[in-house]
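The chains carry the letters A, B, C, D and E, assigned in the order they are written, with residues numbered from 1 in each.
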Amino acid sequence: MTSSVVELREVKVERDGRTVLDIQHLQLELGKTLTVIGPNGAGKSTLLRVVGLLERPTHGTVFHHGEATGDGKQDLILRRRLAVVMQRPFMRNASTWDNVATGLKFRGIGGSEAKRRVGDWLDRLGIAHLADRNARELSGGEAQRASLARGLVLEPDLLLLDEPFAALDEPTRLALHDDLRNILQKVQTATLFVTHNRIEAQTLSDELAVLMDGNVRQAGSSYDVFYRPNSEEVATFVGMENIFSAHIIEQSGGLAAARVGRAEITLVGSWQQGDYVLLGLRPETVQIEPVKGEHTRLGSTNRLQGRITAIMPFGGQARVIINCGFPLVSIVTQQSLMAMRATPGMSVLATFQTAALHIIDRSRQRVTLTPTSRPDTSKP
Amino acid sequence: MTSSVVELREVKVERDGRTVLDIQHLQLELGKTLTVIGPNGAGKSTLLRVVGLLERPTHGTVFHHGEATGDGKQDLILRRRLAVVMQRPFMRNASTWDNVATGLKFRGIGGSEAKRRVGDWLDRLGIAHLADRNARELSGGEAQRASLARGLVLEPDLLLLDEPFAALDEPTRLALHDDLRNILQKVQTATLFVTHNRIEAQTLSDELAVLMDGNVRQAGSSYDVFYRPNSEEVATFVGMENIFSAHIIEQSGGLAAARVGRAEITLVGSWQQGDYVLLGLRPETVQIEPVKGEHTRLGSTNRLQGRITAIMPFGGQARVIINCGFPLVSIVTQQSLMAMRATPGMSVLATFQTAALHIIDRSRQRVTLTPTSRPDTSKP
Amino acid sequence: MELIWNGIVQAFKLIFHLDSELMNILWVTIRVSGTATLVSLLLGVPLGALLGTWRFPGRSAALSIIHTGMGAPPVVVGLFVMIMLWRSGPLGGLNFLYTPWAMILAQTIIAFPIITGFSMAAVAQIDPQLRQQLLGLGASRIQALRAVVQEARLPLLTAIMAGFGGAISEVGAVMMVGGNIKGETRVLTTATVLESGKGEFGTAIALSVILLLLVFGVIVGLTVLQQRNRIT
Amino acid sequence: MELIWNGIVQAFKLIFHLDSELMNILWVTIRVSGTATLVSLLLGVPLGALLGTWRFPGRSAALSIIHTGMGAPPVVVGLFVMIMLWRSGPLGGLNFLYTPWAMILAQTIIAFPIITGFSMAAVAQIDPQLRQQLLGLGASRIQALRAVVQEARLPLLTAIMAGFGGAISEVGAVMMVGGNIKGETRVLTTATVLESGKGEFGTAIALSVILLLLVFGVIVGLTVLQQRNRIT
Amino acid sequence: GSARETDVILATTTSTNDSGLLDVLIPDFESISEFNIKPIAVGTGKALAMAERGEADVLLVHAPTAEKVLVESGVIKRRSLVMHNFFQVVGPENDPAHVAIAVSATNALKAISETDTLFISRGDDSGTHKMELALWQAAGITPKGSRYQESGQGMGATLRIASEKSAYTLTDYGTYLALKENLDLTPLLGEDRSLLNIYSVLELDGDRFNNVNSAGGKDFAEYLLSPRAQRLIETFGVDKYGEPLFILDAGTSESELVR
């Protein structure tokens, strides 16, 4: 067995009689990073607090390094091996330097050792010039950097990060991703990382868990979760905005023809005629083109005719809603929109690769998260 | 003249003798949304507080609706026409409902009117079920929603939003973008919007200002700022990670050949031989392919040979650093990496369209932000 | 020890018999200390809130004066008030000396700095950004002040308790300016001193117990109020 | 009014002549009230911090008792302490009555609930999430408590001032248990009462002024300390 | 501050202490004795209650009737007269009840009760209060109503109240002399046999209590009666008020005085 740093068994947290967290099983190993994503109020911060021994679960047990926790004295020793960076950067009314040194001081680390480590992390997070400033006067992002430095300076066995980059500017965020991934790989730390940022979620770790209403809805590699979601909710949450149920009408070799509303599409795989399958499609994989030419069946590209109902800006691109009997969302560049002179009401063909269709397989639903028993999720 | 809601003239804010904000001129009009981006500590929140009459500038004057502010009594009337949503959701120790109703109460709006409006906004932000809960017990994202609702419920003439979506989950964030844009367009509000999210910055408004070290470094349409940055700093900040200086060696028709380090590239435009130009290139426009075939000069596609020095995950994609004499960053899909069996040390061709090269024109630097006198920045 | 036990028993006897002298003393006590606390509250909480949120030159001197007031000995207060209220004194015309008004005045001078000082400390502890957020939602300065005071209601209640405690428990000043006149200005503390001076330790203890019960009752009442208001 | 003015003049005369009796009274005052404040501090701040952060059944009852203690009249405290310390009382063996020890005991009983109650209120006002964050950085429970107390240093200082003020300004209890013995247990307040009883209003006012100056000095000292510590 | 064999607790009345006499006598005593006197100034009632419980070693008080009760009960081993002076009826200068021309104290009280003038009683069970009550009784009057107020305080405060309210009151001479400068009160009646104010020293019976320092008490009592102390008492007040405050009584019996 690998060395498990944290293990949760049948952990439940209740508040005012409501269950806000309900984890069957969760395990975290040395050198691994588990990213937790989920909607607001899903229980992510609660999970973090429970894992960090800051809050006792109503039921169940939290194991650290194989030992059951819950004994005050023992817990302190275990807490000294971890570091929590909370969602909000709560700063002591003291200088930034003192704030970052707080955890070291608790551990009796002072002198040149503390000076070196604190100085180092202030530098890495670009806040060395703020060392002498009262931390209560820092800007939102500066405070979050200080909060992050305060945790990282401890070089813990277990690192618990609750949206640590939410207030950072993008260049810093990017630089920190690279930095942090390198550090975490080098220093054999187990990390639990909560984020709302989809790119971040896929960047910082391979393992991902989706928490919803206090339950782990899906767990696996980030590819697994983002490209093979096991339920409509997860699919929607990870950005598969287009979800529809298809009725297989014909099977031919590795391809099948299916009916979605009044439209017909091609999908990959072997199916029984009459089967119903749930399909997910990311809007960025849907292109639009002017209506022209023939409609080919069972090809590698699906073409659905529809009418544009709305065009909305999305970053440098645009989100286009097309009514093909059912609404289909597409994200396209401004350029291609201009080239087509697309306007609401216009008839267009929405096209997407057959390979871009994801089958949402509810049978893969599972609630425990044990890396060792995880189904094989090798990437394509 | 259009009706200016806010105007700042030669406003300076000093703290402990340091200038944290220095705005020559800034004007905000009814029905328009100005987005402010900039690194942490740039002074964005300070700007917001000054505009919101929460802080008096050390020098200069803030005008609201054409009137100079600074008189306590008059300021209250003006403050009643605006709403500030601060970066951190400071909640009163009261129910969520009461928190959202706070501003209405200050204005003496109660009864069924308040009930309708508060209920409406709680609904829109998906926190109606939290109405009776103490707002101090809300999760990070829930609190931010409440904070946003608290401002929007006031339906102000001037809306000041400081990173209001930072803690929201992505689906909610997306939905709110659309919602908010629609609302702001409908209800003739002037909006000042601070964000770190690049997509958000381009989605919510056309006008954008880049604040750095307290100064407006660039202002204009979001296309202008993101695709025609006027300095290295701005370029880097908006994501043009590749910036290099090119030496024109040959001009032929609308194309020019230039030397970058030891490599040679083609660019669009008319130049004098011997000119130096500063170029910016977004990593997502750089592709990589195996080394093969001929190297064509003065084509629409630039091809630079180099060696991969690092591959880092980036969301579902990967960031690849290629050494072509100078480092070049490319963002490519995992699939294309796999197809090439790319590994660090491997020789590759980095390719990018000539049209993807942006010329950074320092002569366009400007520090005032007056929408009416903005240079024409029609999109391509 | 036996003395204390007997005193407690006597206290309950006095209470249950609705002893008319005791009832009068109780009534004067509650009226005087209640009024003094109320006046101190109405003046002290706004002033404290203002001092806690508004930075101005000389603020720290003002605070030192308030804090000194918190430590001003009641006997000193009593002495000064008495001299002021003497017939020959500057406020002699009011004819307040040896009336409950004089006692209210003295107790207000004692309770006011306590309530002001602690209101100040309570309000200063609230994040100034909350106040900014409230102003940004359209609060007038007064509305913001009121809201900030509401945020600090827990320590403020403690301040009120301390102010009331300081007023009702005080004896030196009310003795001097009230005169401890039976049926008019005799309160629980002065009665306790009197009985103890007479060597009537049993009665003194009985009065002490009644005084403690009164304070306890008021405090439990305020605490319940505070608990109920915790989540509005 | 003239009386007050003469008193002030006399106060400065006494101070500048280093009047030996005054010096003795000052020394006893400072020793007794200083010790009582210190003891109350050492006991009250940790207890208050604990009550402010730790929720347990019966906490609200404990708070009510502390709050009642804040309002417990010094005369009552004096009476009970006296009875305890009597030769025939349970603590008679200590032979503390009519010594500074008895006064320290009484003043501690008076200052302790004040300091505890306000420490509680001050610490309870600190966001509980800050404490969680500190624990999450490896603080032991005691380290976290200490850090939280440090956060509340502003209102805590006010609490200390109030505790010291309560102790030094008290007269009923120290009179009873100290006996106001010249050269031994006479402090500024009891001396003031004595002089005022003798009709020596000038001296009484002089002593009052000196007492106020002493309190003011201590408070200005503490305030300076607080200002200096604002940004550590 | 631990137990000292030499400590002697002297329970005395506020008026004795306020007069300043003890500030003269105690240092003198301590200069010739190994004992250390701790004077505790309390109300007469409390002083007697302290004696009853053995909380004092020696008493200097002025409430003959109550003192005799203690002597009879055996708490007090010896009671000796030290000195005396006279109580005074004082009141506003215009003297609406014409107390100044009253033939006796009882007549004066009768006169006061018949006019519309306030009388302030100490009401604190002190020696002065007991005397006042005895006088009312002798006059056959039960004082009550709004014109009879009880201050429940010491002599000084009571005089102050009487002065402020233009009322009559009964006071010991020493306190009146000390305070009269700041009072609008005139001495109207004194030197009446019935207004005798007798101070006695009371020694506790050491055999009845565990911790009473009866040797120290005895030593101090004997000192008060000694010529050395009597000389100090005899001249006390002369320099300040131009007349002595107390008249010597050492060796005199009470019956001699009253007659």
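Note that a residue touches a chain if its C-beta (ideal position, glycine included) is under 8 Å from a C-beta of that chain, and two chains touch if they have at least 3 such contacts.
Since this is a predicted model, take the numbers as computed values, not measurements.
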{"item": "Both-way neighbours, i.e. chains that touch chain E and touch chain B", "value": "C"}
{"item": "Chains touching both chain A and chain E, listed by label", "value": "D"}
{"item": "Chain whose Cα centroid lies at the greatest distance from that of chain A", "value": "E"}
{"item": "Most extensive contact between chains (C-beta pair count)", "value": "C-D"}
{"item": "Approximate Å spacing (C-alpha centroids) for the pair chain C, chain D", "value": "17"}
{"item": "Centre-of-Cα separation between chain D and chain B, whole angstrom", "value": "57"}
{"item": "Intercentroid distance (Cα basis), chain E paired with chain D, Å", "value": "36"}
{"item": "Touching two or more other chains - residues of chain C", "value": "176, 196, 201"}
{"item": "Per-residue multi-chain contacts in chain E, two or more chains", "value": "157"}
{"item": "Shared-contact residues (touching 2 or more other chains) in chain A", "value": "88"}
{"item": "Chain pairs that touch, as defined at the top of this document", "value": "A-B, A-D, B-C, C-D, C-E, D-E"}
{"item": "Residue ranges of chain D touching chain C (in the complex, touch as defined)", "value": "1, 3-4, 60, 63-64, 67-68, 70-76, 79-80, 83, 89-90, 114, 117-118, 120-122, 124-126, 152, 154-155, 158-159, 161-162, 164-166, 168-172, 176, 188-189, 192-193, 196, 201, 204-205, 208, 211-212, 215-216, 218-220, 222-223, 227"}
{"item": "Contacting residues of chain D [partner chain A, same complex]", "value": "127, 129-130, 132-141, 143, 147, 150-151, 231-232"}
{"item": "Complex interface listing, chain B residues touching chain A", "value": "15, 37-41, 44-45, 87-88, 137-142, 145, 162-163, 166-173, 177-178, 181, 196-200, 202-203, 222-223, 226-227, 236-237, 239, 312-316, 334-335, 338, 379-380"}
{"item": "Contacting residues of chain E [partner chain D, same complex]", "value": "1-4, 7, 9, 14, 17-18, 20, 23, 38-41, 53-55, 154, 156-157, 178-179, 181-182, 209-212"}
{"item": "Parts of chain C lying in touch with chain E, wherever the complex brings them together", "value": "86-87, 97-98, 175-176, 179-182, 184, 186, 190-191, 194, 196-201"}
